[in-house]
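Here come two complexes built around chain A, the first alongside chain B, the second alongside chain C.
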Partner chain A sequence: MLELFLHLLLLFGLSPLLPGVIGKTKALFAGRVGPPFLQSYYDIWKLLGKGLVISRTTTWVFRAGPVLGLAVPVLAALLVPFGAIGAPLSFAGDLIFFVYLFGLSRFFTAAAALDTGSSFEGMGAAREVTFSCLAEPTVFFCFIVLARLSGSLSLDAMFGQALNAGWQSAGPSLVLVLACLFVVVLVENCRIPFDDPNTHLELTMIHEVMVLDHSGPDFGMILYGAAMKLFVLGALVVRLVFPGATENVLLDTLLFSGSMLLLAVVIGVVESTMARLRLLRVPQLLVGTMLLSFFSLILLLR
Partner chain B sequence: MDNYNPANLLLLLVILFNFFLLGSSRLGACIRTVAIQGGILSLLPLFLHGFTGHALILAGGAFLLKGLAIPFLLLRAIRQVHIKREMEPLLGYVPTLLLGTLATAGAFIFSDRLPLIEAHRGSLFIPVGLATLATGFLMLITRRKAITQALGYLIFENGVFIFGMLLAEAMPLMVEAGVLLDLLVAVFVMGIVMHQINREFSTMNTGQLSSLRE
Partner chain C sequence: MRTLNPQLLKNGEAVTLDAVTILDFGDFRDCLLAEVRKQGRVAACFGVPVAEGGRDLELFALVARDRNACVAVYRTRISERFPSLTPDCPQMHLFEREIAEQYGVVPEGHPWLKPLRFHSAWRSGADVWGRPADQHPRIGEMEFYRVDGEGVHEVAVGPVHAGIIEPGHFRFQCYGEKVMHLEISLGYQHRDIERMLQNGPHPSTMAQMETIAGDTSIGHGLAHCQVLEALSGCEVPAQAQAIRAVALELERLANHVGDIGALAGDVGFLPTFSYCGRLRGDYLNLTAALCGSRFGRGLVRPGGVLFDLEPALAGEMLARLKGIEGNTMGALDLFFDAPSVLSRFEGRGRVSRSVAEDLGLVGVAAKACGVPRDSRFFHPTGVYRQLFDDLITEETGDAMARARMRSREITVSIELLRRIMDTLPEGPIRAQMGPLQGNALAISMVEGWRGEVVHVGLTDGDGRLRRYKIVDPSFHNWSGLAMAMRDEQISDFPLCNKSFNLSYCGFDL
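On to the complex of A and B.
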């Protein structure tokens, strides 16, 4: 029970801090002061207090998008261990559940975008769906590698103690898995070099264009959900890098929170040093990542 | 097999560079990558055979030629003929990458079935060597520009070099030196040929060489 409470506390409390840290890192690189660390909390709070404008052409699907966008990361978070704090919910095969939970929220976000009837949003939905269907095999190959290493089909065990032994016996393929998962984190959360969360140029937007028509509390939910998604997927990467566990719960929590912030800094550095890829190059890079994850599987199996 | 053997890590890097080469369209980046690949390979004899005189000469020679001289020549060649990227490969980059990965997977599976001596069993040298050979072949087949074909030839030679590593003790130094010298001469000739092709046809596409004209 305590574990569940701690899990949700970390998720709800800490996740909006990550975009703040990324923003601060980017500002530091650009020589600006940048928005405060807590800016995302202010934004979400402000949006939740605002009124809601809904187009008359939309249906219930339009409202369902943000709700699922918020609910899915919370559910998915329950399957993922946060550092050494084990997952509250875990069963054999939950890795497939995990991937398709995000598939569900993506479907509803895209459907909500299409529901507005704007061709512009339809374009964004098409791009989002294309890229994520290329990212999905990568996730599965990475999970298969981890499942093989741990001999288990639940995320809690795959990202559990077996990782320590895994780094000893199959270091190179875990390095590849780490790189692939990091790319997946960037793609799924619409970060540079795949998508620029700040751009509002119609030719380049992907995720941002799908949520243009949402306002007020709905948009607040989308922002909160996006922050949580970054947190959940980031937790996988962080766990892969720091597989150890101390016996102390407090220490584990601190270690996990610190490493999540470190991940946010790394993402900020990547965003500051790289340019956004041309749209045509993105699928190419994603296929490359997929092949890399496939190669890591070969390396493990031989 | 101990995965933390530095030679194995270097070989993994070689494979990653193979993938990059198959997927990249920028000639400058490709040439530099081949240079780095060659540099990495030149470290292999030292890890494999220790700091013996034979290994040192092999490493030094390979580093000078593969890492410095040949890339320098190629970079100068593309500066002279003003080309920056491979424009239209016969096969797209993604299909080539797919084929490259399949070939790499095949190399790993195949090398497990080869009747090797006990010392070489399970080592990464043979699959990586085969995969690099396949990458070189793919580059040679799928690209149009003379210079990328020269690069494919270089990658091919890198694959041969990886194989040669296993035999380095049995193989006289002269053989390896001869191969390296051949390579250098080949790149020289390629550079001159490229210059001529460019002057005659104002393009570097080798496809045009097959059409006759007055």
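On to the complex of A and C.
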């Protein structure tokens, strides 16, 4: 019970800090002060208190998008161990449930975007589904590698103690998995080089353009959901890098939180030093990542 | 074809109208086409009513002969309709649309006869498109070019944009992510500046000239002053010429640096974006040190300038420039050394040399396609006669070439600033302006940072302005952007657009 409570506390409490840390890192590189660390909390709080504008052309699907966008990361988070704190919910084969939970939210976000009838949002939806269907095989190959290493089909075990031994026995394979999962984190959370979360140019946006019509609490939910998604997917990467456990819950929590913030800094550094990819290049890179993850599986099986 | 010797004049010169022969339209057409074949380009073309309230229109075409450093003036008369020159000379397409909209005359056979700025005709009862005369036409209301078919869709952007930029409407015909055609519809900022100058110059004229395009205050202000000085035969003191050139180059530096920063911002490359944003401010502050206004407002006035550049101030500015230069080069190196940046810009938004020549592109956009166009070089005035010798062109004509053009021009401009400020002639900064010569025409071409700014003034018998024509470089170059987008990815539009960085209000006037 305590673990579930701690789990949710970390998810709800800490996740909006990640965009703040990324923003601060980017500001540091640019020589600016940047928005405060807690800016995302302020934004979400502000949006939740605002009114809503809903286009007359839309249906219930438009409202469902943000709800799913918030509910799915919460559900998915329950399947994922946060550092050494085990996942509250775990069953054999939950990795498939995990992947398609995000598929479900993506379906509704895209459907909500199409529901508005705007040509921009249609373009964004088309791009989003193209890229994510290319990212999906990568995730599965990575998961298969981890499942094979741990001999289990649940995320909790795959990202559990077996990783310690895994780094000894199959280091090269796990390095590739790590690289692939990091790319997945970037592409799924619309970070540079795949998407630019700060751009105002509708024609180049991917994720941002799909939520252009959402406002007020709905948009607040989207922001909160996006932060949680980053947190959940980031947790996988962090766990892969720091598979150890200290047996002290407080220390483990601190270690996990610290490494999450470190991940945010790394993302901030990537965003500060790279330009965005050309949209045509994104699928090529994702296919490359897919091959890389496939290769990691071969390395393990050889 | 008969050979007719046109009246020639140099940049910043006036000619009496009597000296310009009125050709009949056939000769006018032949001469113009022959000029364009010989690599002339139409710098300005405009109509003037022959008599107040009459239906006849006098047509003037000023063709720049870059190699001979002169401008040929052609003049003809037309009435309600005239055969369009556009099919044979694409450079004329916007000029003819402009004349059609202003005076309600029909260029017959024009392939793309649509309103340009969506204002009512200047003469009552004469609208080519039959729009009601008693109300302002709805801006953007016209037949857009459309592509039909499976998988083809239309994307409309603007006039309200997501960023803080000027209003303009872009209509894309797309097949998936690929752009088949882009049509640009402007006119949202039409202020009717040309007609405000009638019977002028007025006391408010200089302020209006400096805001034709706010980022080209010096360019347009200078072009206007040169017209008035040509018409009044005023000799501008050497020190004033030098100060004007300093201001013009500082304006170029600020905008070019800002543009490269904005280009970096568009692809999400933060280092150059952040540095250049600040550096642009540093260049603007140099202009402010000169005259108190960051955009150079109130510096250039007919007869000279209002603020002197003392040697002490020049020394201080040069010292500051040295520091800024180091930072600028650092920011530019970051940009041009990053592979992720290069891969975004190379090959995007390509305009071929022949398209650039056909459309009469000017400035950075033309030079990036290997077309040498620089009025500082071909039609120099003031200190540019002695000090400017560095005409730069790029070959590839893509967004990268336009970025590189800017970066190389930055180097040239800084060098030029040093040369000018090292050899400041001193002396008076303003000469007395006499009255304007009556029944005369004067042209002035200034290489603003975007390209060639052309002003033409035509006076009546009393020496007041009867017709004033302004051609901002954006007037030509918007068509270049439309062509550059053909077969491009729609997601690359913001980047291509920024690589041209054209003025909306400079076009709308």
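We take it that the second predicted complex is superposed on the first by the 302 of 302 C-alpha atoms of A that agree within 3 Å, B and C clash if a C-alpha of one lies under 4 Å from a C-alpha of the other, contacts with A are read in each partner's own complex, and residues count from 1 in each chain.
Rule of thumb we're sticking to: contacts are C-beta pairs under 8 Å (C-beta built on N, C-alpha and C of every residue); 3 or more make two chains touch, one makes a residue touch a chain.
Since the model is a prediction, treat every value here as computed from it, not as a measurement.
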* For A:Q284, select first, second, both or neither according to whether it touches chain B, chain C, the two together, or no partner. => first
* Identify the partner contact of A:K46: answer first if only chain B is touched, second if only chain C is, both if each is, neither if none is. => neither
* To do: Based on the superposed arrangement, let me know which partner A:L292 touches: chain B (first), chain C (second), both, or neither?
  => first
* Is A:R302 touching the first partner chain B, the second partner chain C, both, or neither of them? -> first
* To do: Once the structures are superposed on A, label A:S169 by its partner contacts, choosing first (chain B), second (chain C), both or neither.
  => first
* Asked: Which partner reaches more residues of chain A, chain B or chain C?
  -> C
* Touching A:S119 in the superposition: chain B (first), chain C (second), both, neither? -> second
* **Interface residues, chain A side, partner chain B - complex** => 169-172, 283-284, 287-288, 291-292, 294-295, 298-299, 302
* Which chain A residues qualify as touching chain C in the complex? -> 26, 29-32, 119-120, 122-123, 192-193, 196, 198-204, 271-281
* **Interfacial residue positions of chain C with respect to chain A in the complex** => 153-157, 162-163, 177, 264, 266-271, 273-275, 278, 338, 340-341, 343-344, 348, 489-495
* To do: Flag every residue of chain B that touches chain A in the complex, lowest number first.
  => 3-4, 8-9, 12, 15-16, 19, 23, 93-94, 97-98, 100-101, 104-105, 108-109, 112, 127
